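Each remark here refers to the structure printed beneath this line.
Going by the order they are written in, the chains are A, B and C; count residues from 1 in each one.
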Amino acid sequence: MIQQLEIQLPAYPRGYHVIDSVLAEYLPELPKTGLIHFFIQHTSAALSINENADPSVRDDFEEVLNHLIPENEEYYTHVLEGLDDMPAHIKSSLLGSELTIPITNYKINLGMWQGIYLCEFRNRGSRRKIIVTIYS
Amino acid sequence: MIQQLEIQLPAYPRGYHVIDSVLAEYLPELPKTGLIHFFIQHTSAALSINENADPSVRDDFEEVLNHLIPENEEYYTHVLEGLDDMPAHIKSSLLGSELTIPITNYKINLGMWQGIYLCEFRNRGSRRKIIVTIYS
Amino acid sequence: MIQQLEIQLPAYPRGYHVIDSVLAEYLPELPKTGLIHFFIQHTSAALSINENADPSVRDDFEEVLNHLIPENEEYYTHVLEGLDDMPAHIKSSLLGSELTIPITNYKINLGMWQGIYLCEFRNRGSRRKIIVTIYS
């Protein structure tokens, strides 16, 4: 059986945000066993899984990715939409647009320290749309 | 229900290519609701989702990834297959070998600005094989 | 039909390890056509697909990722769990926590040169847990 829904997240500031509890508000009752797939319909944001406990991890993510993909490199040609735009596209492909996670005993079966990150790469992020597909 | 098919893409030059319309030629009629999974059977190419409109984004992808994973680093030991080979393997794991995308109302449900990229990392790319699995 | 199982891998040293044959020991008979999903429940290890033949590729992976995400950057704030900890989190999101791979003719349908990598980013990796979901 397959179920699908669309979630419009609130707008988040640039950075990395654990959104498990926000997503949970939108989700229907989950099946006993299955997979849940999250797909973000944008090319300057991403979904990823990482540490859910210490906010310093999310701060360091912002710093490290900014060092890895700096703004304002002289070789960028796609620059009309702002200095944060082209780096946002690259980060989006490096971290990924989608996640598939197992459902076990009616719950999303993340590890104890795992959370779902919304990665917002734009200085002024808009409300991001996520398509959720549940398969059982 | 599950359907599976194999696609042999034409050979592409090194770079990032939006292949939505090429893939569409090979795909059967899609179900109303489901997931479609694309898997590339190679370790020096990748599949990713990014901006579908401005070719300068794809040009910048080539530049940025080449700066990130340069050829000819003195510490590479896997060098027999050419200077572009080891960087190609790394890029392939960073961008990923596979994509799962929702199907909604009989269509691949990408965001307005999203396209499917074939990322060809070799100077002389061969014809790449993709396994498509459709689940509904 | 969906099947799910949990695998506890042996502990691996820091580095990149082809684990196809280890995984195969745990897997049930596979369906004729389907998808298999591997999910690692940790934030300092990853699953990826890459070259299965030449161990020098895996050695170079270790080197390249260490150059890309160095330890001991002065701007890291999440440092209490060791110099290898924050880089491990970043690498985990760059390489990814999960893989979906087609099943064709009762087998995991990887390309000829592809293998499944367990990427262990900690100096002292523990036994990693993987949730496997098979859909047909």
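Please note the rule applied: a residue touches a chain if its C-beta (ideal position, glycine included) is under 8 Å from a C-beta of that chain, and two chains touch if they have at least 3 such contacts.
Which protein is which chain? UniProt says A, B, C = YjbQ family protein.
Since the model is a prediction, treat every value here as computed from it, not as a measurement.
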Magnitude of the superposing rotation for subunit B (YjbQ family protein) and subunit C (YjbQ family protein) (Cα, nearest 5°): 120
Interface residue identity across copies subunit A (YjbQ family protein), subunit C (YjbQ family protein) - same or different by half: different
Interchain centroid distance [CA atoms averaged], subunit A (YjbQ family protein)/subunit C (YjbQ family protein), Å: 20
Sites on subunit A (YjbQ family protein) at which at least two other chains make contact: 68, 94, 96, 100, 135
In the complex, subunit C (YjbQ family protein) residues that touch subunit A (YjbQ family protein): 2, 4, 37, 39-43, 68-69, 73, 75-78, 86, 89-90, 92-94, 96-98, 100, 129, 131, 133, 135
Subunit A (YjbQ family protein) - residues contacting subunit C (YjbQ family protein), complex: 33-35, 48-51, 54, 56-57, 59-61, 63-65, 67-68, 94-96, 99-102, 104, 109-114, 117, 135-136
